[in-house]
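Right after this note come the structures.
Shared between the two complexes below is subunit A, which has subunit B as its partner in the first and subunit C in the second.
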Partner chain A sequence: MIDNVKVSSHQLMILVFLYSIGTVILHTPSLMAHFAKQDAWIAAIIGAGAGILLTGLYIKVGNLFPSLSLDRLNERLFGKFIGKTVNIFFFFWAFVSSSEIVFYIGDFVATFWMPETPSFAIHIMFSFIVILAVRLGIEPISRLTEILFLPVTLLLVILIIAIVPEVEWMNIQPVLEVGIRPIIRAALVFVSFFSLSTVMFLMIYPSLVTERKKAAKGFLKGTIYAGIILVVVMGLNILVLGVDLTTRNIAPSYALARKINIGNFITRIESFLALFWIMTVFIRGVVYFYVSVVVFSNIFEVKDYRHLCSPLGMIMVVLSLILYPNIQAAGTYDKDIWLPFVSIVGLFMPLLLLVAARIRKRVDR
Partner chain B sequence: MAVVGILIISAVIIAIDVPPLVRKKRKKELAIFSSLLLFGTALSIALARGVQIPNPLDFITWIFKPFSELIVKIG
Partner chain C sequence: MKRIITILTVLTLLLSLTTGCWNRRELNELAITLAMGLDLTKDGKYLVTAQVVNPSEIAGDKGGGGGDSPVVIYQEKGETVFEAIRKMTKESPRKIYPSHLRMLIIGESLAKKGIGKPLDLLSRDWELRSDFYVAVSKGVRAEEVLKVPTSLEKTPANKMFDNLEVSAEAWSATSAVMLDELITDMVSPGKQPVLTGITADIKGDKRTTLSKQNVELIDTPAKIYFNQLAVFKKDKLIGWLNENQSKTYNIITNKEVSTVVNIPCPDGGKAVYQVTKSDSKVKGKIRNGRPEIDINIQVEGNVGEVECKVDLSKQETIDMLEKSYEKEKKEILVKSVKQIQEKYKVDIFGFGDAIHRTDPKAWSKLKKDWDKNFEDLKVNIQLNGEIRRVGTIGNSFLNDIK
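Right, the complex of A and B next:
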């Protein structure tokens, strides 16, 4: 491992922000509208709140041993054998998720932009830049996020302002008609994508940041900003497209951007949305892949993770091609299986770490 | 044709990653690297030839099905 890499608190904030927006902004609104209908925006607010609480939990876990990353923390607190087993599961989860990201990009580009290009070509090209970025290390990646931050935020704000004239308030009425259970279900979907997977920033947060106190604030700020953006986008989806269209689209936010029409002059600017979506998804893919490679090399106690990037990347490409037969299968998986899968690493693992730390403290006394 | 392409990619990866590992005499890393690359190449060739590869997602689905049925009861 190279230990002299450092990420500043500002960079961590942007990294969390871009990561959290990632896939969520395009695909999740449709899943949430499926459950909570016109009240999906309420579910998004509940989910964002839960996300902030979860970030608090992660910061607490990170502060247990500020010099250790999550996988080393597992080994330290659970013991060598159980720690390694947990890490293997953690690696497996992160690796499958990184292949999923590649699939999403491939599917999106093949559906909306290049229907005649074979999908494996897109998968290989996207994986290639992800592998390249991870080989360079986390420091260049976090500098890249600083470059991406301004264009992404600017584009987002412009898109949000431009779509406001299309809002129809009839679409969210009647409020709270579906009852409380579907809203909770939709909020769970939101949490599972938005915040449970940010647990992987524990690989970066305490051990690789420059100022720990400020970085914790940056972590929290990134989550809050992303939460606000996602709640607004969720609300706009329902307000502009209506429940029916939001549910039926595989990428409702893309259809939303298509609706923008400023004086019959500025129209069809949805490609801008897709452009920034690809940037954020790229960041998400890079973080997933970085974490899986680092955890893998720590399992085998390899000193330099960079040499394992390309062979693991090759396996990632194959996995991304066989993972889902089509986007419908991906939807079913995201809806039903992803939540318990991600809760194990995102909720139970940090909670168990806290308990284990408390027990250790008592034994040491 | 596809198989040739895969072999070329593997060769390029070897050309980039193996020399520094050999120079530093890191035997363990070399062993892990080679087995991963062998696995990756074999998988890619199998995929290119249309061989059915077991999907890890089926396994995950099988494990988490009972939990997801609990969640479905919520809404």
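Right, the complex of A and C next:
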């Protein structure tokens, strides 16, 4: 790897924070309310807790060989052949997911802002900056996150504070009506989007960070902050919109922002608030795409991953256009397929790595 | 040099991307619709009426424009609402732009047949926000309401919007319901929707009264005003609440902001209790296997008017007036709830939701035929009224007129 760049612990924290908020904040509340009704916020708390545990697991896996990124680790521990096979799967997953992000942006813009604009125009423009960012490398990306951190937090705080007057406590009653099973199902949805995919950060942590110990803390902190924000937003969705509207809306958090009305003066600011969503989704897209490009170049032992940015980027745009025919197909994918898919890379792969490491150690002894 | 050329090329390319969007629409291409009316025609189609602002007429107070009407009406029939709206371009030089919709008026005949179907478009379309009020035209067609010119507020839609807000706040017998709330109520098994009624009263020749001449007169011959509340069963209109029932609905559902109540004095005459704060808590319970509702209402207010001889300087008089208010109001509440239970047999108060909140298990059994359960539901009302102030004078001068 010629990349000698380093990411500071603070930058990693922000990167994880922005990444984790990403698509989750807009689309998952609807899916979670679908399963857990008014108890979706409990599911979010459980999910956030599970997310923190998973982050602990990732940190543990990362610490096995601090100088290796995840794909190198796969090759080292599983052997070259199996390792490469696993990496191909890993690449495939990351790459499809990055196209999915592009699709989400395109669909959102087309549904709420520019219904008559051909979606490929939005896809191309969004992908263009994603590719540009990844070409520049992880260091500029992490510096960018530091710039984005302030506006994103500011907009989030505005959203949360401004919507509090609309809260209707009756909406979450009765608590625990649906029973445990739907809550667990909703929590799984939350985990699958919120934390299982943060396994990606094993490509950055610990091989590209400056201080490993502090970076681990940053990783954890980023997850915790994002978890808190998401639980609060999930709760507000139910409290303000009610179960019915949360489930019915394609993007409930956007509908939430529409509800803001302070003294008939500060109203209709949802497009402005959606900016933070665009920023966080951009970070998510960048991380997915960065990981897929780097993994791809490592599989084929390409010296510099930057050469692959433009060709893979073009494929990403095309893939994003043909990935789903409509948002319903995306919904089915999110509901039924995403969870097992992401579990393979997000749960089984790290666990297997831990097991493999233990066996290797014993054999070596 | 090479670098500069590259940068310039990239910038030029970016420029071509950022010129705007495919579907940009300038202000002069929009027909900004502030109010919309939905009616049913004789052959079962929708008649959509759009009240579109004429921007040059309402711009500024410079007296600009040639004295045209501030709004213009476009109407079209269609088997679906969307079809009718798009068809309007046959007549309208601009495409209907409903983002700033303030009032949606639904004709009574359509409301009786069901409002669910036509409302889908309004919640689905991306150009619409859900922050407009919905009302049912009582006794007249929605189109007639939208054709009345108004004074004070030049655009009738704004008049209706402000009118409804003011009236819901100061008199509390109308109900300002937005689309989201309406939809939630329609699908909820434990609460049925209620919409405010709106009526147009048109005297004399329509040709002149519905013209600009209407607003030139001090006592305008054509008026629109809010009146009564429409009771719905799911999405179908089944009846109208009178004023007392409407106020009861607002108090129990915690929508009352302020109102005035006449209370009798002990030795004849009347006093007025001015409500400044009203807070109701509805609790559902299962007692002896039967659902019951406890309503606890806390009211604060002032003595607003005294038209009888009482000694306001004494604490006892204030207590007496409080008691008298509580008695008077409670009677009305109990009576109105009973009437609604017996006459309409639909749960507009959300008692079902209250039981759902406290006892979800019992609710899952009751929910199936809740209307029947609602009919003989026991409702206990607790009312506590406090008097905080008596206005700027103590005892009335009436006491000293001998």
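Of note:
Rule of thumb we're sticking to: the second predicted complex is superposed on the first by the 365 of 365 C-alpha atoms of A that agree within 3 Å, B and C clash if a C-alpha of one lies under 4 Å from a C-alpha of the other, contacts with A are read in each partner's own complex, and residues count from 1 in each chain.
Just so it is clear, a residue touches a chain if its C-beta (ideal position, glycine included) is under 8 Å from a C-beta of that chain, and two chains touch if they have at least 3 such contacts.
Predicted model only: the values in this text are computed from it and were never measured.
Looking at the shared chain after the overlay, A:331 reaches neither subunit B nor subunit C. Applying the stated contact rule after C-alpha superposition, one finds that A:177 touches subunit C and leaves subunit B untouched. Of the two partner chains placed by the overlay, only subunit C lies in contact with A:267; subunit B stays clear of it. Looking at the shared chain after the overlay, A:56 reaches neither subunit B nor subunit C. Considering which of subunit B and subunit C touches more of subunit A, the answer is B.
Judged by the touch definition given at the top, the superposed model places A:140 against neither subunit B nor subunit C.
When the two complexes are overlaid on their common chain A, residue A:118 makes contact with subunit C while staying clear of subunit B. Once both structures are placed on chain A, no subunit A residue is touched by subunit B and, in the other complex, by subunit C.
Against subunit B, in their complex, subunit A makes its touches with residues 35, 92, 96, 181-186, 188, 300, 302-304, 307-308, 310-312, 314-315, 317-319, 321-324, 333, 336-337, 339-341. The touching residues of subunit B, counted against subunit A in their complex, run 9-10, 13, 16-17, 20-21, 26, 28-29, 32-33, 36-37, 39-41, 43-44, 47, 53, 55-57, 60-61, 64-65, 67-68, 71-72, 74-75.
By the touch rule above, subunit A contacts subunit C in their complex via residues 111-118, 121, 125, 170, 173-174, 177, 241-242, 244-245, 255, 258-259, 261, 267-268. Partner subunit A is touched in their complex by these residues of subunit C: 17, 21-23, 126, 129-131, 180, 183-184, 187-188, 353, 356-360.
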